[in-house]
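For reference, the structure I am asking about is given below.
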Amino acid sequence: MENKPIALDDKLKEACGVFGIFSSMENIHLSRTIFYGLYALQHRGQESAGIAVTSGYGIDYYKNLGLVSEVFNDDNILDKLQGNIGIGHVRYSTNGANTLINSQPLVVKYKNGSLAVAHNGNLINALRLREELEQEGAVFQTTVDSELIACLIAQDRSGDIVTAIKSCMSKIKGSYALVIMTENSLIGVRDPYGMRPLSLGKLNDSWVLTSETCALDTVGAEFVRDVEPGEILIINKDGIRSVMGEKASSRALCVFEFVYFARPDSNIEGRNVHLARFKAGMNLAKEHPADADLVIGVPDSGTVSAMGYAEASGIPFSIGIIKNRYIGRTFIKPSQDLRLIGVTLKLNALKEVIKGKRLVMVDDSIVRGTTSGKIVRMLKDAGAKEVHVRISSPPVTHSCYFGIDTSSQKELIGAQQSIEEIRKFIEADSLGYLSLEGLIDSTGIPANNFCTGCFSGQYPIKVMGDGGKYLYEKC
Amino acid sequence: MENKPIALDDKLKEACGVFGIFSSMENIHLSRTIFYGLYALQHRGQESAGIAVTSGYGIDYYKNLGLVSEVFNDDNILDKLQGNIGIGHVRYSTNGANTLINSQPLVVKYKNGSLAVAHNGNLINALRLREELEQEGAVFQTTVDSELIACLIAQDRSGDIVTAIKSCMSKIKGSYALVIMTENSLIGVRDPYGMRPLSLGKLNDSWVLTSETCALDTVGAEFVRDVEPGEILIINKDGIRSVMGEKASSRALCVFEFVYFARPDSNIEGRNVHLARFKAGMNLAKEHPADADLVIGVPDSGTVSAMGYAEASGIPFSIGIIKNRYIGRTFIKPSQDLRLIGVTLKLNALKEVIKGKRLVMVDDSIVRGTTSGKIVRMLKDAGAKEVHVRISSPPVTHSCYFGIDTSSQKELIGAQQSIEEIRKFIEADSLGYLSLEGLIDSTGIPANNFCTGCFSGQYPIKVMGDGGKYLYEKC
Amino acid sequence: MENKPIALDDKLKEACGVFGIFSSMENIHLSRTIFYGLYALQHRGQESAGIAVTSGYGIDYYKNLGLVSEVFNDDNILDKLQGNIGIGHVRYSTNGANTLINSQPLVVKYKNGSLAVAHNGNLINALRLREELEQEGAVFQTTVDSELIACLIAQDRSGDIVTAIKSCMSKIKGSYALVIMTENSLIGVRDPYGMRPLSLGKLNDSWVLTSETCALDTVGAEFVRDVEPGEILIINKDGIRSVMGEKASSRALCVFEFVYFARPDSNIEGRNVHLARFKAGMNLAKEHPADADLVIGVPDSGTVSAMGYAEASGIPFSIGIIKNRYIGRTFIKPSQDLRLIGVTLKLNALKEVIKGKRLVMVDDSIVRGTTSGKIVRMLKDAGAKEVHVRISSPPVTHSCYFGIDTSSQKELIGAQQSIEEIRKFIEADSLGYLSLEGLIDSTGIPANNFCTGCFSGQYPIKVMGDGGKYLYEKC
Amino acid sequence: MENKPIALDDKLKEACGVFGIFSSMENIHLSRTIFYGLYALQHRGQESAGIAVTSGYGIDYYKNLGLVSEVFNDDNILDKLQGNIGIGHVRYSTNGANTLINSQPLVVKYKNGSLAVAHNGNLINALRLREELEQEGAVFQTTVDSELIACLIAQDRSGDIVTAIKSCMSKIKGSYALVIMTENSLIGVRDPYGMRPLSLGKLNDSWVLTSETCALDTVGAEFVRDVEPGEILIINKDGIRSVMGEKASSRALCVFEFVYFARPDSNIEGRNVHLARFKAGMNLAKEHPADADLVIGVPDSGTVSAMGYAEASGIPFSIGIIKNRYIGRTFIKPSQDLRLIGVTLKLNALKEVIKGKRLVMVDDSIVRGTTSGKIVRMLKDAGAKEVHVRISSPPVTHSCYFGIDTSSQKELIGAQQSIEEIRKFIEADSLGYLSLEGLIDSTGIPANNFCTGCFSGQYPIKVMGDGGKYLYEKC
């Protein structure tokens, strides 16, 4: 606990990224491609990474705590992971003594051979399903949903993996983008609401599955299409086959992928994330104009929307804050000094640019409100005359139960305070949040295709209780 | 593979040691006592170590690869493991990428709460039982028997842990000394043949279970009695209770515990190991006298029997070989140089003692025959006139299926060559092995109380096939 | 050698950053402030970091290989470094087995007590001076200039540190920004040409010395002034005192600090680096206009000049390339795959933005030319119709002997090929470099105040031979 | 400080071991032979290890904290250390933050090239010599004598290494066994009193220098002769040459090498250590007979003398105490539990052997008296009727200034208490120490050839003050 790093930002955390690849060529060495793919998905999870491969008999895997580059820093590890099918996973989670055991992919032996499962999302009925399986004699060694999913697949008596996955899907509720590997196939699965993204690509003769399309670019693959909500994609020697696993009731893609999680060079449901954020900035300018001299963004995530704001408002854009490129995933220990130093370890105002200026400062979101006030203060200390804070998404007012690390609702400043109270708290001269409509408009996707739970409290699936107990190990 | 350390000795390897403790006092801190207990059992397994504790709600554990002192080298780890019940495990295994996941105790959640299992031994029907459980939908993440045992316990529907363990015992075949921990009890179990040792002790108000009595001395506990073959000992707030789990058909204690595995300061079935080895040396002198000037032992394991040989033969005993005390568990990488250097990194002849002498060189066993010849050569190079090799146990001719790392039968020199061939191979002037009768006589325990499979091929339980496939992960 | 990481960029490397602080208050704990200061200077050196402190009697220090956050990742280390005076250092160097011994600050005992030296720069007569000292009996344990400087200071017989430093300065030739610590004083020294930057700041009652002003902002200090070329600043209990150490002949600040090295939020000689780079982009637009639809920058270093180019040309600016924020200091091992993947592990084109567009692509410099062609290719693969490459500095044609890691002249593409040849090599539709005049104009500082050696071959000090042998351990 | 391990024994600590090898063959790879040699000398120092090699141009080296097997656990390290000349060092020292910098060999560049120095011993005038060199301008980065010795060699203006070493020897006072390496020669030096051992051997065409002859056996070399007190042995392409460096006044070999330090398989001055210890036990029996049933030794160091005692007294010898073979260099953290557990973590009584017996317990020495009492208590708890403690050396009454870690005199129980007081303190039934005459007789070497300072206070060189300040970094 005392080693808990200080969060130097105030962001929701994505919980996982998944990647898979299948080649029908034998003697091919795919672990390095998976490594590069996970590299491109690193922003979706920085606490553990793992790769599992098969060449038809048994599954080899390696996982550990750390960044992809740290876990696979020894070429020998990748060299030993030989196979023509493979999956990988990056994970974010709250730190604990036994998190290694919770790293993924989860690999098990069951009656039909070996099975590896990598999951992005969160099952909201996991505890109940675990209890049911336990009643039938099951034991659990981890707290991750992947273990539950593997167990449910193993329960099926049909002997057919697709039937088993369909059976599993009929039981689990929540969000899931899965890549599953048997000893001869790669399988992609997306929950019936399509809450978390999953895309299909092609790299020469290989098929690729990935949480985000940016990983396709990184490994040199072509985008083919998104996996559909409720769809099961089975890739094996016979080619690629699509089965509807669980009928999609309605679409409910996590809108926060567009706000912050996804990399700007990824496309989700055909829409480029960078362009959506630029458009969100434009909409923000229309909804919350400001009488100002300069628009600046809070790097890195606020920059694009700031450019959009500038474009729509006609107020010039400039870089006004410089980010320390080495702050990365640094574990800064709490200390008296640090509180004094505040945000300056990560960000620094460009005095010469902002001195005497009335600023529009654009950021993508405010979660707990712990850093925005410090940035406003830094800008004013550097000579800004006014700071008008504009947020390119609505206030975060509700917890997420589907794979995102929102703190408990009590910690969400948007749930606890009015906008005027928040403005005072962060000492901004004015504060404007983009409306939910404005945000959705920026994506070019119909509103009813999104889960907007964290902004609206409207979840696609009914969540009982405060849901908190379900969240101890997301992803 | 290329990193496989060179074995600088030629010994059978014990596979595991277990330790458990229960105190009815709350707020007591037992992890350090377990640590000391595992320390005393370190010779039974040097590749991983683990401790699991409970204070009534959930189980905390920590395990890792390495010696006990390496795994628990950070006081914080022990400090965080707080509980009034705890178990520990040390393990030897063939090295592999995923051995961490195979380290013990194995901790699971099941319908009745949390469960930790530590096992010494080997189940010979593990594969079949796993397949049966898999047919019913179970998944396995490790290859250790502890996971199977936990699964079998979890299968039971009685809601009573003792019933569950009895049910488990009715299914599993093979050797097992188990310490099991629930959230409120410590349980010791020994297989119906009592193949692997397990003893009960008392430390103030706490009960202690341990593979060997030397650990009782280390932690300051009093020996109470051995756990009986087939017995289940349940220790909880209500005291200690004995249940016959599976009726003992016949006793079959592993005789190799006396030959090499057990620490000389341990007592097994009431018989001190050191004294038995001394007696074995005496018997050896009677069976295979030699016309020699001096008796020396190959340190450390041959020393005591050499003293016994000297006593019985009247030939003076002397230290003739010095062992490097820092050779420990060193991983020496194979190299051309090393082959030239041979055994001298570990052992050195005392020239001044042996020069011009006709030696009796006593060792406890010859397994693959890789080092004995080098030692004989070293002694002759140092001036010994004759070297009469005497082994205080019979030739190892059969594989063990019950928890010992014998190599495959093909590698056992005793199975492949006649004694005269072995003598020539190791260039000894004469070679004598203690007879099985002589060995058993040295223990003072009736012959039919032992498993002598590795010497005789007579196993207490019928083993089908070559058994090799059962052995991938012993202990 | 086989472990040499692939450079994923094509930049000159800064060699070091220095930081120092003095407080007249006793019982103050400054190591954490130095830690934060080094954090802000991390871009100046990522291979080793060190901190040395004193509280009046002896000097304590800790240094190791790695980033500042890695070297000081254990709070205990900082907690043990107690003192009211301290200096720190970050270093870049070619990797080798013994680089730890070359990490700084260098701490020695000499006749007047303990001394710590941290150096940014390169002495071009170091070898000759070492040989002279060796002739007098000196021994050297490292290859860093700091050791030589400490030796020269120790040679002085005056008993006065300032006299000793002046004597040292009269002998050494080359670039140096030094922070020196005795047991009671902090001293800043800058070479007579002022080749490397060094600034003075104030934090409450403490004085701060730093390579760049961004570190003053990070620790909350006020900028006071730059240390002057040739100046010695002595800070102790009696206050701050300035002595002219070696008369400045002419100013020769490294112009590459403005091009690439310095953080944009630093001011050098009163000029903000970010604004200079923006202006360089404007000048570039005037010198090398392009008929294009969009201006994009190669992140991160090309972005600001791209904005300036857009401003001056009237062509819209957009983000066209996304950088993986986790690429950091990753050591990517060479592999066949990687060559295929090329630059995409680090950078990705924003297809939706650049498709069908005629692009101006702005970067700050081309050194070996290894990546520019790959980026052009990536942009065209992503649909760019034309790519007009614009570089906001002149071709790098000569090696640097004053603290920068230019490769040997043979590897500098600007020295080996004409601009048209380079254009063809990188497959750009056109290529334009900013003129030296345009670059200098962007800084607002007179031309004769700069060292422009890497662009012009005109060095402030005559360098004999090819200088290569002087460069084995810069900084 | 709080991490200081509890000493589980009560022994004087040897401070260093040195090893060197020279081959006139080029392209030979000697680092592995040095590694094996250091392995054999590991008992002389367990805190750091280092190897330096040359193949004629420059010196490569690697050193680190840890056992030889830990420091060189990566084959790549040894593979990179290529050369036909090499030296190595193992070191014991009091632990500190910067001990890495104090590890050896010390490698420097000086006017005649590169030089590596490895030292076993202690210079008693080191501080004064350092001060003199500092007055002349020298700086020191470490606190080890090797750095001083390198400096003194570098001071010499003759250009001849032998002249330089002679000059150095004329200045330094104290004990030293040195192996020195230039780029083309290996040099062995022993102080004029021959206080620390150094032997010469031959391995095929290579010459070997080693602190102890056991390392010759390990690497397969033949013993040639001991280096003489005051002798310089120069080994290079022209062969081997002996020069008298500093005339030997009188011999003063450290007698404690025979008591405890040296490995029993080493010969010192032609006398085997094992045999000397056996004889010491015999002499002890004559000086201090006991009316007892059984003689036992405290393992490992007391065993041989116990055998000698048994032989001379006619009382049977037996193993009575078992030592945990994994206790090694374990860093046991202090804890309340441990004090309760006492000595049992390391040693255990063989109850079955000693019960009801009157024991003679032989140990080699008592230093601070911290463990003897615990062992006596353990034996009595295990049923011993009487325990007669016999020590095979005299009481340690004085500090050593020549390379041994005696605690300060205040901590030496032999200096503070009478023998009867010590007997009471350790609760022995009787206590007898071997006389100095008896000890010397056991070695077969004339008394005036020894330094017996720790027993007699008679040092070969006058030591001023309490000497304590000279001892901060021995070896």
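Chains: A, B, C and D, in written order; residue numbering restarts at 1 for each.
In the analysis below, contacts are C-beta pairs under 8 Å (C-beta built on N, C-alpha and C of every residue); 3 or more make two chains touch, one makes a residue touch a chain.
Predicted model only: the values in this text are computed from it and were never measured.
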Partner chains that subunit A and subunit D have in common: B, C
Which chain is most remote from subunit C in terms of Cα centres? B
When centres are defined as mean Cα positions, the distance from subunit C to subunit D in whole Å is 48
I'd like to verify one number: the distance from the centre of subunit B to the centre of subunit D, where each centre is the average of its C-alpha atoms, in whole angstrom. 35
Inter-chain centre distance, subunit B versus subunit C - centres from mean C-alpha coordinates, in Å: 60
Which subunit C residues sit where two or more other chains touch them? none
What chain pairs are in touch here? A-B, A-C, B-D, C-D
Residue positions on subunit C within touch of subunit A in the complex are 32-33, 36, 39-40, 42-43, 46, 67-69, 73, 75, 214, 217-220, 263-265, 267, 272, 274-275, 300, 303-304, 307, 318-319, 322, 324-328, 330-333, 335, 337-338, 340-341, 344-345, 348-353
Touching subunit C in the complex: which residues of subunit D? 60-62, 80, 97-98, 100, 106-111, 115, 130-131, 134-141, 147, 150-151, 154-157
